[in-house]
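Chain lettering (A, B, C, D and E) follows the sequence in which the chains are written, and residue indices restart at 1 in each chain.
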Amino acid sequence: MAEIKLEHIKKQYQNASEPSVADYNLDIHDKEFIVFVGPSGSGKSTVLRMIAGLEEITDGTFTIDGEVMNEVAPKDREIAMVFQNYALYPHMTVFDNIGYSLKLKKTPKTEIEERVHQAAKILGIEPYLERKPADLSGGQRQRVAMGRAIVRDAKILLMDEPLSNLDAKLRVQMRAEITKIHKRMGATTIYVTHDQTEAMTLADRIVIIDHGDIQQIGTPNELYNEPTNTFVAGFIGSPAMNLLEVEYYDGMLVSDEGFSVTLPQGISKQLTDKGYEDKKIVFGIRPEDLHLDPIAMETYVGGKFTTQVEISELLGADVMLYTKIGNSEIVVRGKGSDYVAPGTAIQVAANLSKAHYFDAVTTNRII
Amino acid sequence: MAEIKLEHIKKQYQNASEPSVADYNLDIHDKEFIVFVGPSGSGKSTVLRMIAGLEEITDGTFTIDGEVMNEVAPKDREIAMVFQNYALYPHMTVFDNIGYSLKLKKTPKTEIEERVHQAAKILGIEPYLERKPADLSGGQRQRVAMGRAIVRDAKILLMDEPLSNLDAKLRVQMRAEITKIHKRMGATTIYVTHDQTEAMTLADRIVIIDHGDIQQIGTPNELYNEPTNTFVAGFIGSPAMNLLEVEYYDGMLVSDEGFSVTLPQGISKQLTDKGYEDKKIVFGIRPEDLHLDPIAMETYVGGKFTTQVEISELLGADVMLYTKIGNSEIVVRGKGSDYVAPGTAIQVAANLSKAHYFDAVTTNRII
Amino acid sequence: MQTQKLSVREALKVGDWRMKLSAIIMGTSQLLHGQILKGLWFLAVEISFFTWFFARGIKSLQSLITLGTHKQGFVFDKKLGINVLHQGDNSMLLLLFGVATILVVVIFFYQYWVNLKSARKLQELDLYHKSIPTLKEDLSALLDSKLHILLMSVPVAGVVAFTILPLIYMISIAFTNYDHNHLPPKNLFSWVGFENLGNVLGGDVASTFFPLLGWTIVWAIMATVTSFLFGVLLAMLINAKGIKGKKVYRTLFILTMAVPQFITLLIMNNLLNDSGMVNTMLMNWHVISHPLPFLTDGTWAKVTVIIVNMWIGIPATMLVTTGILQNLNQDQIEAAEIDGANKFQIFRDLTFPQILFVMAPSLIQQFIGNINNFNVIFLLTGGGPMNSDYYNAGDTDLLVTWLYKLTIDAADYNLASVIGILIFTLSAVFSLFAYKRVNKMNNLG
Amino acid sequence: MKNKNKRTRMIVYTILTLLAVVWVLPIIWIVLTSFRSEGGMFVDYFIPHHFTLDNYKMLFTNSTYPFGRWFMNTLIVAVVSATLSTFITVVMAYSLSRLKFRWRGRFLQGALVLNMFPGFMSMIAIYYILKAIGLTQSLVALILVYVAGAALGFYVQKGFFDTIPISLDESAMLDGATKWDIFRTITLPLSKPIIVYTTLMAFTGPWMDFIFARVIMGDNIQNYTVAIGLYTMMTRESANSLFMAFAAGSVLIAVPIIILFIALQRFFVEGMTSGAVKG
Amino acid sequence: GIFVSNNSASADDKAVKLWVDNKAYKPIVKQFTKDTGIKVDFKIGQSADAQADLKKDPSAAADVFMFPHDQLGQMVQAGLIYQNTKYEKSIKKDQTDSAVQGASYKGKMYGYPYGVETQVLYYNKEKLSADDIKSWASLTEKGKLTTNFAGDGANYKYVPLFMSNGDYLYGENGEKVKGTNFNNDKGMQVLKWIAQQKDNNGVIQSTDAASLNKMSNGKADAYLSGPWDKVTLKKEMGDKLGVAKYPTVNFGDGDKQMKTFLGVKLFGVNAQTDKALNAMKLANYLSSNKVQKQVFDKLGYVPSSKSVQASGDVQKDDVAAAVTEMAKPENSVIMPKLPQMVTFWGPSDALINDAYKGKLTSDTEMQSKLDKLVKQSTKSEK
């Protein structure tokens, strides 16, 4: 069992002017797989390090299974961790690096041997077991760091960007292995990543952090479909959701720069009811909800608008059109066949029922 | 001007049993933007380090603008580099880290000030200029490493996974900045990444490396559309291309496990002409070229086959269906609306004219 | 376009006349290629060497062979009414300066070789039509690719003059009859070959040599290991997280390094005396009824010197170790904490190996230093208590202190030198062996 | 849990304090002795019965033992040779740790072996070498000999340099730094603690050496260092009566060394290399 | 040679370099310069170091130097010291026979004696009467003697016991290499006697420094030492301090006078000097009766001149009187100056230490150790 509870956790580094983590509240259930995402420097590693006991908690209470752990030494927390910077033991071979924790627990030699080899196999670093970390490539080192964590049967597993230096293929493989290991061991896991696919596929719940504050906690689908504010909306999904500041009046969204769409009745009613008539709101639409094909043009008549293509990126099956209306950028994701030369103006149809509407001041979601 | 030429370059590390780079040949034009991709441990960093002069070249000739550089000291090569492991000066502030090279060149103080601030602004690390590296987050450190390279006007710019620890949003931003800088400075650039989007969008040409060998060199589109072998085919594109070992006979591709499609005439003729009748070939089809919608079913009649959904992953706009025919995995990328519950068998239509055909023995491309 | 490297020999064979002339008149090639300063340097080296060599060097080399022929004597001077001294040759100085001459010759030949190599390089540059490095380029290379030459030349010159030259001189003495019967300046001594070696290994010196050798080794191991281990432990304690007053503790321990050893050891001697303070106090507290023979019983004295040496040696180790600890990678320690290591295990598996990595070669050096640790023994016990089983030695005498007594008193420099060589050989073999092992062990890549 | 931490800390404090007492007691004894007016070299009590400053006064007024002059001599020698020795040690260590050249490996082994011949046997030879270059009996000669000795004592520094990530050098090289720049701007600043150690060791040497210095100085009493001076005071005839004066002398010797150490303490900084590399 | 000194022995105006161990000589030397016009370069140096410093570099050493006479043998051997032919006669006339003997080696005179030194008995007059200190037995019965049998220096103090019992160290005159006979019955007697002292409650084993302290604080009542300890003891003990000649000892067959080593303090002239005549003149001056008297007044050095010794001032001084008494041939032996002494000192120290500590358990062991000592210390020249 390992239920983690963070209550009003705060972290103020000595050299930093502002707290790196401010009033952090989070309940993690036993065996849950939590993914932290957030911009660089938002405090993800800091929270992980506090949970591991490597960083003092400035304020607040941190419990595991109801027991306050603020002052417990790291070694007594039964936590395994993949460090963002690996922190390998340079004077030990890869084998010893991975097996070190087992050795400390006086695991029999043969068992260590077996478990290390098994972990190394999963990670594809079996040929390098006798090398020292200095003789490995970056990705190989990162896998050793992973190996060190997964070889143990810790109650809690913390991983700080554990796959960032691996190639896509290996990453997919590793993702699958992590899922398997999680299923088998059932360790409560916190996982930091910048890779949206990883976040989406691995997480039971995702925690979005910005500036040391939690912005939203929810399942991947919740975050994708119902972002609570423009930050989350803009952060989840790649390419990011297009966010336009517009004015709402008379069932229409209009911007000074020439953007204008007519909202479906249901939506405009809600906006009016909530008192946004004649007010500024932020209109959000994902690139994949903007369409170019004729059928869409007919389906989403109210959502049609014109925009100027600036860059056109062909990405295998897809094409990314970076367009502009005035100074606002709008990204459109089309099929490869939708390729348009830069400089042309195109008509785009937005699926307005999939669009998001935020308060321009609080940035919180309206609908 | 900076034209780089690598001829029969080889690198054998003392502790490694096999050469890490074997017979590497590459011409890089002036101002070209080259991206290296390849699995972890394939020798990307090693090549970069040899170009920078940090690693001795075991064999072969390396020239810049026609001059042999094998023995030239790193500092005389006028190369800037972002290290995979950052290698920041721990005793200097971020400002001094970035400004160090300028200071060595006796650049006037005010100019250093200006250029460092400009670089820091681009990288979003202005608030941290007075901090030491130890007091930064992982991503911030990586950006300092970037800063150190871009602040200089080097002829050649080497970047080893410079964005791997940044969040998606920042990465997009950085990518754009890198493009801008490259346009402005015109440094011949070699860029290592595991991020396919980065590779596709940044590269003039991509070099695919495996086991220290170049597998293919080409523009992003060439690599995507005409991979020379199954390795490249499987490596470029995410999710990876589905590769099935099948037998070709009588205009059809058939596997023991129940897979079977009828090839369009043009293709079957070519295969027959090349003598593959009754032989094993590898059939490759990208997940996005497998379709589920009724229209596709009608369009690609010959490409229809049935497969069993194992996992169904909803990724925002898309759904990934991990399916199996016998033991062979086939990934299908559909629209969000195509979601299918795991366990059901589905019919899939392959756009066979976009499919790839490889020799089963040599793994080289046939068509 | 890979340039082929010419060897000096090939260059001499195929090179142009400038190259060839360089083999006779140093610096020509450089001068003719416009490297004026460099050329002049080589030329000056050659000229001054030969001037010196013909004026003094040859004679000096000859004297090295004979070690002097002309003995000092007195002749009666009627006018003064006393015997007047007629200076003779001083074998000792002839030997020393003979050795110095050989070193100068070697250094000259090294310069000659450098001259040829430099000429070869010029030849090569000619061959591939490359530009000749200017003085400025040469000088800036000294700050970069040739930095080691800039940094090490002067120190190495010091080593040659003040370590190697005396060393060769001392070794040479082992092959002469420089003993109390052949003391300069009155007497000459001469080469005798390996005679002395037999005298040491045979004679009654041997029955003392081997027991002392045994103790010397025990001492060196104990002294090195105890100071190191406990010094490291002390540093760990002082630098432990959450300990306040680190600076104060450090300073307190450093105090012992700040007072001359001959005073502190004298005081130790006083304190540990049979009627010294330690014994007096213990007797006053009725812990003991008879004084403990800290310095008067052989075995006790051995233990005492080792313990007193810890008192002296630990602060220094503490200081280095503190330095090393401060540079330790905190990340790895964190990783180990997560891996479940307790403080001791972190010390054993991470901290200690890294300290050892830094310290191992210097530990070997310390071990050797302890074999030759003159001060502590000489000042604390003077080698005593004397042991009538030995020849002129006490229980705590190391080979060096014994050797010191032998030379200072008996003036048998040749025997001392032989023993010196034996110690030297032993420690050299040990240290090279240990060094290779350590290097292998420490290969971090 | 907090209590347990507290308890271990208490244990550590206790051990440290006990050890400090063991280490400091003899020193305190010297200090007390330097103020003692009665008795001689040996007394069997700790606290003097009568205190006096005469022992210090004697050091500065007795013309046979020009202690003030000796003190200045030593200070000069110590400052100069500590500066030069530290520089040479560090420079040698850097060369042997970071620069690649042909004889490096052999040099490392050779240097280890070179110091193994008993030092006192080479003293006479060194004396004559100094004499041949006309330097005997001078402070310069002393400095020269101390500094020359530093060239072989680089092992600790070298080991320390070896732990500084090589990536930093590489990175600096690409930034256009010469090896010399790297030495100055990267290696040195990262080695402060160990340089403190080297400097302190080099600085203390001249205050302690009474054998070698005596051989070099011969009868030139004006150029004696305090150590020779004090040691020559310890003859059979004078040792007992001058003992308190030696103690006073020792206390005075300790002063500059302690001051130096306290001044250098601020270079003991933790976590010098953290944040440098990933891996 | 490479360092050829100008060896004309003619007087020139270069100063004569002088090493003495005390600055009290300064006015005396000034007077000499005034009288003779010979300039003197006055340097303080330890007389005990003279031999080592001379040997190190004779050309840089003093022209005239002080040294204890037991270094004479090696100095002659190494050719470091000038023979004294010029003032031989007057010295033989003025100085005691012992002093003359100390200044000579193998029949030739080298030194210029200016003083003698012996050990004496210091005691606490309040505890011990003049009668008590007549013999070792009564001394150690009535009082406590602090001394060092078990440590460094026992040789210097107790080797003369052998001579007290009639043995010889390097022959009668101390110059015969084969002349040591400690390994006879008399020697055995002495060694056994030394071993017995461990159980003598009147003997406290102490180092010299501790002995002084014990004398001061009354824990011991008697102490054998040289004149150099007088100042300390006087300061601490005041009028309680008594000084006397050594007691008698009984090795088993009657009381015998306990002897001490006699040291002669000499001036010497550097053989390499280039101003021999001036140097000799200075050395002679410094050992003259007049100067001996001056030095005695200033420093308390016990003179070696017959006439000065006999003078009232010297005889009034208790220590000086005791020393001159001890310096008589029946009470002391001139310390041998044979170079072989170096092979004797160490082993004899070890032997006395071990005998006292009870490490030599049987007669045969004692005998064999004595044999070994004699053998080791009397190896002849090659």
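Odds and ends about this structure:
The definition used in the following text is that contacts are C-beta pairs under 8 Å (C-beta built on N, C-alpha and C of every residue); 3 or more make two chains touch, one makes a residue touch a chain.
By chain, with names taken from UniProt: A, B = ABC transporter ATP-binding protein; C = Maltose/maltodextrin transport system permease protein; D = Sugar ABC transporter permease.
Keep in mind the model is a prediction, meaning the values are calculated, not measured.
Identification of common neighbours of chain A and chain D yields B, C. Among the other chains, the CA centroid farthest from that of chain B is the one of E.
Counting C-beta pairs in contact across D-E and across B-D shows that the higher total falls to B-D.
Taking each chain's centre as the mean of its C-alpha atoms, the one that lies farthest from the centre of chain C is A. Each chain gets a centre from the mean of its Cα atoms; for chain A and chain C, those two points are 62 Å apart. Once the centre of each chain is set as its mean CA position, chain C and chain E turn out to be 39 Å apart. Rounded to whole angstrom units, the spacing between the C-alpha centres of chain B and chain C is 57.
If each chain is reduced to the centroid of its CA atoms, chain A and chain B end up 22 Å from each other.
Among the residues of chain D, those in touch with two or more other chains are 5, 41-42, 44, 124, 128, 178, 181, 190, 271-274, 277-279.
Shown for chain A are the residues that touch two or more other chains, namely 73, 84-85, 88, 132, 134-135, 138. Across the assembly, chain E contributes residues 3, 207, 209-210 that each touch 2 or more other chains.
Of all residues in chain C, only 1-3, 144-145, 445 touch chain B in the complex they form.
Taken in their complex, chain A has these residues touching chain B: 13, 15-16, 37-41, 45-46, 84-85, 131-132, 135-140, 142-143, 160-161, 164-172, 194-197, 200-201, 220-221, 224, 234-240, 286, 288-289, 313-318, 333.
By the touch rule above, chain C contacts chain D in their complex via residues 92-93, 96-97, 100, 140, 143-145, 147-152, 154-156, 158-159, 161-167, 169-171, 234, 237-238, 240, 242-243, 247, 249-264, 266-268, 270-271, 273, 275-277, 280, 311, 315-316, 319-320, 322-327, 329-331, 354, 357-362, 364-365, 368-369, 371-372, 374, 400, 403-404, 407, 416-417, 420, 423-424, 427-428, 431-432, 435, 444. Chain contact summary for the complex, chain D toward chain E: residues 38-44, 63-64, 124, 127-128, 131, 136, 215, 218-219, 221, 232, 235-237, 239-241.
Against chain C, in their complex, chain A makes its touches with residues 52-54, 73-75, 78-81, 83, 85, 87-91, 100-101, 104-105, 132, 134-135, 148, 152.
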